[in-house]
Amino acid sequence: MKVGILGATGYTGQELIRILSNHPEAEIVYLGSSSSAGKGIRDIYPHLVNQSMILEDENVPDLDVLFMALPHGLASTKAAELLNRGIKVIDLGADFRLKDPGIYREWYGTEPADQKLLQKAVYGLPELYRNDIFGQDLVANPGCYPTASLLALVPLVRADLLLPDSIVIDAKSGVSGAGRGVSLTVHYSEVNENLKAYGVGQHRHTPEIEQQLSKAASRQITVSFTPHLVPMTRGILATIYAQVKPGVSEGALREMWREAYETEPFIHVLSEGIWPQTKYAYGSNHVFLQLKLDKRTGRVILVSALDNLVKGASGQAVQNMNILFELPETTGLEFNGLWP
Amino acid sequence: MKVGILGATGYTGQELIRILSNHPEAEIVYLGSSSSAGKGIRDIYPHLVNQSMILEDENVPDLDVLFMALPHGLASTKAAELLNRGIKVIDLGADFRLKDPGIYREWYGTEPADQKLLQKAVYGLPELYRNDIFGQDLVANPGCYPTASLLALVPLVRADLLLPDSIVIDAKSGVSGAGRGVSLTVHYSEVNENLKAYGVGQHRHTPEIEQQLSKAASRQITVSFTPHLVPMTRGILATIYAQVKPGVSEGALREMWREAYETEPFIHVLSEGIWPQTKYAYGSNHVFLQLKLDKRTGRVILVSALDNLVKGASGQAVQNMNILFELPETTGLEFNGLWP
Amino acid sequence: MKVGILGATGYTGQELIRILSNHPEAEIVYLGSSSSAGKGIRDIYPHLVNQSMILEDENVPDLDVLFMALPHGLASTKAAELLNRGIKVIDLGADFRLKDPGIYREWYGTEPADQKLLQKAVYGLPELYRNDIFGQDLVANPGCYPTASLLALVPLVRADLLLPDSIVIDAKSGVSGAGRGVSLTVHYSEVNENLKAYGVGQHRHTPEIEQQLSKAASRQITVSFTPHLVPMTRGILATIYAQVKPGVSEGALREMWREAYETEPFIHVLSEGIWPQTKYAYGSNHVFLQLKLDKRTGRVILVSALDNLVKGASGQAVQNMNILFELPETTGLEFNGLWP
Amino acid sequence: MKVGILGATGYTGQELIRILSNHPEAEIVYLGSSSSAGKGIRDIYPHLVNQSMILEDENVPDLDVLFMALPHGLASTKAAELLNRGIKVIDLGADFRLKDPGIYREWYGTEPADQKLLQKAVYGLPELYRNDIFGQDLVANPGCYPTASLLALVPLVRADLLLPDSIVIDAKSGVSGAGRGVSLTVHYSEVNENLKAYGVGQHRHTPEIEQQLSKAASRQITVSFTPHLVPMTRGILATIYAQVKPGVSEGALREMWREAYETEPFIHVLSEGIWPQTKYAYGSNHVFLQLKLDKRTGRVILVSALDNLVKGASGQAVQNMNILFELPETTGLEFNGLWP
């Protein structure tokens, strides 16, 4: 299986290289980079000791599958041609996630992808939409925050256990989620020993979460979503609050998670009382979940933790690739997190 | 003014020393420690270069005021005798915060303080209860999370702008809030590059917050409060969600904050769009606030940031001392945070 | 190949589990722990999602090889019986590293291992002593600091390019090197945003380094070795200073490294001007080297970087196991470091 | 005393504002910034809550003293005019530190300051050169690494206790030393959980250290100086190695430090066996020292710790201002470090 990565020098790009290097069925044959074509990947990332590839420009050769790890707005201009050439495309960006062009315009401020491509694209969150992904050519790999949020919420929303307008998602991310570009926002001295909310009421992952929750509920769901920047490199923790419907017990909530995830290799509902820590997932494709129904308030508190660069990006992309090519879904992803 | 500190070697104790050393009206004459009596304070904290005092046992000499920075349950056994001797007491622990003995028993699992003392104790959050503090002898210094939460919420709850059962407080703290005792919970390698929720649905600051909000609302208020442990040493950020009452505008919310804090030297409502960062308050007694009304959901998102060891503990204790002794409230506290 | 780990709940123990879980030839059949026998390993380390083993007591069953990850002084009392039973032993502790019992007594303050065992034990630094390791039963896995120091120094000392009494090793380690035990030394708030030297002139890795350098030089070498505690979890960087012998060029120094490591899969001499960063090795068994001859002072500065828990402990132990069992040395160790 | 700061928005500039705001004799009347003129300082630094000044352009008004916190090469072009106008100048940059224009050219690659100005400038390390500073108009505030290195070394070099060619300085700095400019070097995800040496054999503080040591020794001294970037915001630790002259005892070394620093308010030789930690100095102007003579090697190991932005820059600059204006040297600087 010949694979390529466009945008190979960003954090998700190089994480794809790390994962795919140990994938028994994949051979990386193309690394594309608009900014670093001609350099060796090890000139940029000396830690990739088993890699001697040279970065190429954006002219994609013939491949079985291309991962696109580009700033939003670029993938949509390139995908049609690639698909025509028979190259499957897994887009780690946002271009194909939102089905409604109006919502895309509103939140991204630019033109959405071509409507035909949008309809063709499948939202690649395997544990929730696996059957939709099989046999497709174009996968919209979910955002990191939506992955954490939807895995916790969708089974409960599908079962109609929550008051739909009561959902509050308070999410926290490590700094690598902001990418490799330089700015004051990622300046060590400004971030270290510091914590802040950002994008309050405006973060672009909000409509992505709402789209999938609305689909699960078969009605429009609006959520409060607030991301925070935490002084650590990797990891997302989503703490989610929702009012349960009258009569819903903690057991009923747990049962939905059990049904959804009992046989999932990457989703781990922890024993009661053990709460997820982002480090449990450090460097791995695993997700950790816990919940508690607070009888005093009638609210359930859901917590999910994952690695934003793995299950929140590159690991999930490889999981999607495995599905597209009918490989066991865990191929190349059977590694635990790093502790401590 | 002769001041003493009992529990001088904990983090809040030594922070009191730092602050009081530069207080023009206070002279530290007693440092008490059950575990380290006989040692010099600089043997434990070499950074306190201007201090040469020897730690004493728990026999408190005659003083004008004693700060008690002890594990909960100890202050309540000592306070009566001290008050009888004419020593004012500022308790940084939890013993005198909860007025309802039943609630104390429920959340702390031990016996509450004597009821007469409890009624005598005043809740020392100056910006909200200044007039109650003047002329008193026994101050219950608020918890760090309640300080952050109540400063954001009380003016809005007093004005009846929020749906009282809709309040969700998602709070995040640096590790110093856990104190100096050793445990896996504060082990560097387990905390660094890691993030988790803890005490979900069970944290003892919950009834403290509810008591003061209920007082502000003149009705019982129950909240969801979830603390998180963040890989940084100092700082608390509280992100608070509440449904506003019909017709309440963002302007109306801001107006309540303006009225409450316009002349407060330590409370800073930031310009619109500038969100609090914990580091703004690093090492200082200042609090930073911001809010946004999300019209899509009808929820207001409030964010407050402070230093858990200063405004969340020792700085606020000194502020209370200033009030008790009729000094300008900012005496000894006029320092900015450290950046970066 | 049936493998066991005694001391499975320490940091090096659980790192062995992580690595061996993906080793195609090894099957973990025994996890021993004096403190946690009876618990599941996932009760302690929820991130080990693919592990369902129960921790046992210290009675070691029949195995092909046992990894001992114990405090010093314990392995030496158990090893003889294990070897008699035909179990190969790889000791991650210090008990078998020092050949001279007097030096062991002087630096460790306790009795050394039995002299016959000591002579039997081989110092397991494969890139330097591979041929000595083949066919042995008892491996003394090197300390983390000695691994970093010796890989940089030995090829140059063997070639007699350095003034032997001029060697200064200034080493820096992440906190995980201190283990999982709780103490103020590893208390997050005391370590974070902080840096210190420790064990100055007294660290027990000093005689280990000197023993191997003396062997390489065929004369007694004494070094200055100063470790530092750095606010990070993983990683060791050793910065080494030595006066070169008259006439020695930078090229001659590089040539020795090239000869020693050109075909080594885990040792990477970086391109000139690129200096090692500990993060290059994060989670991997790789080592990164660079040097520069400063003509102004006649001193060469050598820098080496590795992950203290992998090449500095558990990864190297697995590498040694591969040698003992005549497997390709990289088996189960072909993973890159995690970036960022 | 009317003071101004040119380069007010850099880290050392804003640290000057923090310190001078609490200085009883200084009034900040001018904040100059080439990049942010017209903005309020609180627009850039919201934590400076007591400041409402507007940043101005580089046209300096009449002042008693100007602090210049500019990239190297700029101060030298402006100083003459300022001095002519009777404004004392304290330069936090490198322009006036090196007396030898050839050495400046060699290490900085640009033209040095005018020779007359260079001769006029005094090297502002008060504890070593206090008498030279009194009554001067132009102070070259030392670099952060030289301050840490020279305070440890100069008393011993002056007393001729060390072999002059044996000095190795292994220094470690927090990231704030790199300033506020954005780059991959200060990108959080690239620096966090990472450690590296940089500028090996080439750092510009090398000739500054050598100049002052040579002066102390009355002969040319060349040192090995290697800086490292540590994942923390503030703090410098210098670990220094030197061979002592035959017969020199640890007591003799300590005696020199005692004589030099016994009455110094900012220099603290710790009790034997207590080693400096950078956090002891966090946010303060204090310096912590310790040494040990290793009899095995004949080398003394010296360690000094300070805050690079305070004693390593802005605090020392204010200390110099106090000397220029014949104020008690600790005025405005009597604050302890922040712990934890």
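Per-chain numbering from 1; labels A, B, C and D assigned in written order.
The rule is simple: a residue touches a chain if its C-beta (ideal position, glycine included) is under 8 Å from a C-beta of that chain, and two chains touch if they have at least 3 such contacts.
Model, not experiment: these values are computed from the prediction.
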Discussion item. From the C-alpha centres, identify the chain that is farthest from chain D.
Written reply: A
Item to complete: Select, from A-D and A-C, the pair of chains that is joined by more C-beta pairs in contact.
Response: A-C
Worksheet entry | Chain centre separation in whole Å, for chain D relative to chain A (CA means) | 46
Worksheet item: Where the centres are mean C-alpha positions, what is the separation of chain A from chain C, in Å?
Response: 36
Worksheet item: What positions in chain D touch 2 or more of the other chains?
Response: 11, 174, 176, 180, 189, 192-193, 231-234, 277, 279, 282, 340
Fill in: Residues of chain D touching chain C in the complex
165, 168, 170, 172, 174, 189-190, 192-198, 200-201, 222-224, 226, 228, 230-235, 237, 239, 241, 275-279, 282, 292, 294, 296-297, 299, 301, 303, 305, 340
Fill in: Touching residues (chain side chain A, partner chain D) in the complex
11, 174-176, 178, 180, 182-184, 186-189, 191-193, 231-233
Worksheet entry | Partner chain B, residues of chain D touching it in the complex | 11, 14-15, 18, 21-22, 45-50, 176, 180, 192-193, 233-234, 268, 270, 274, 277, 279-284, 286, 288, 334-340
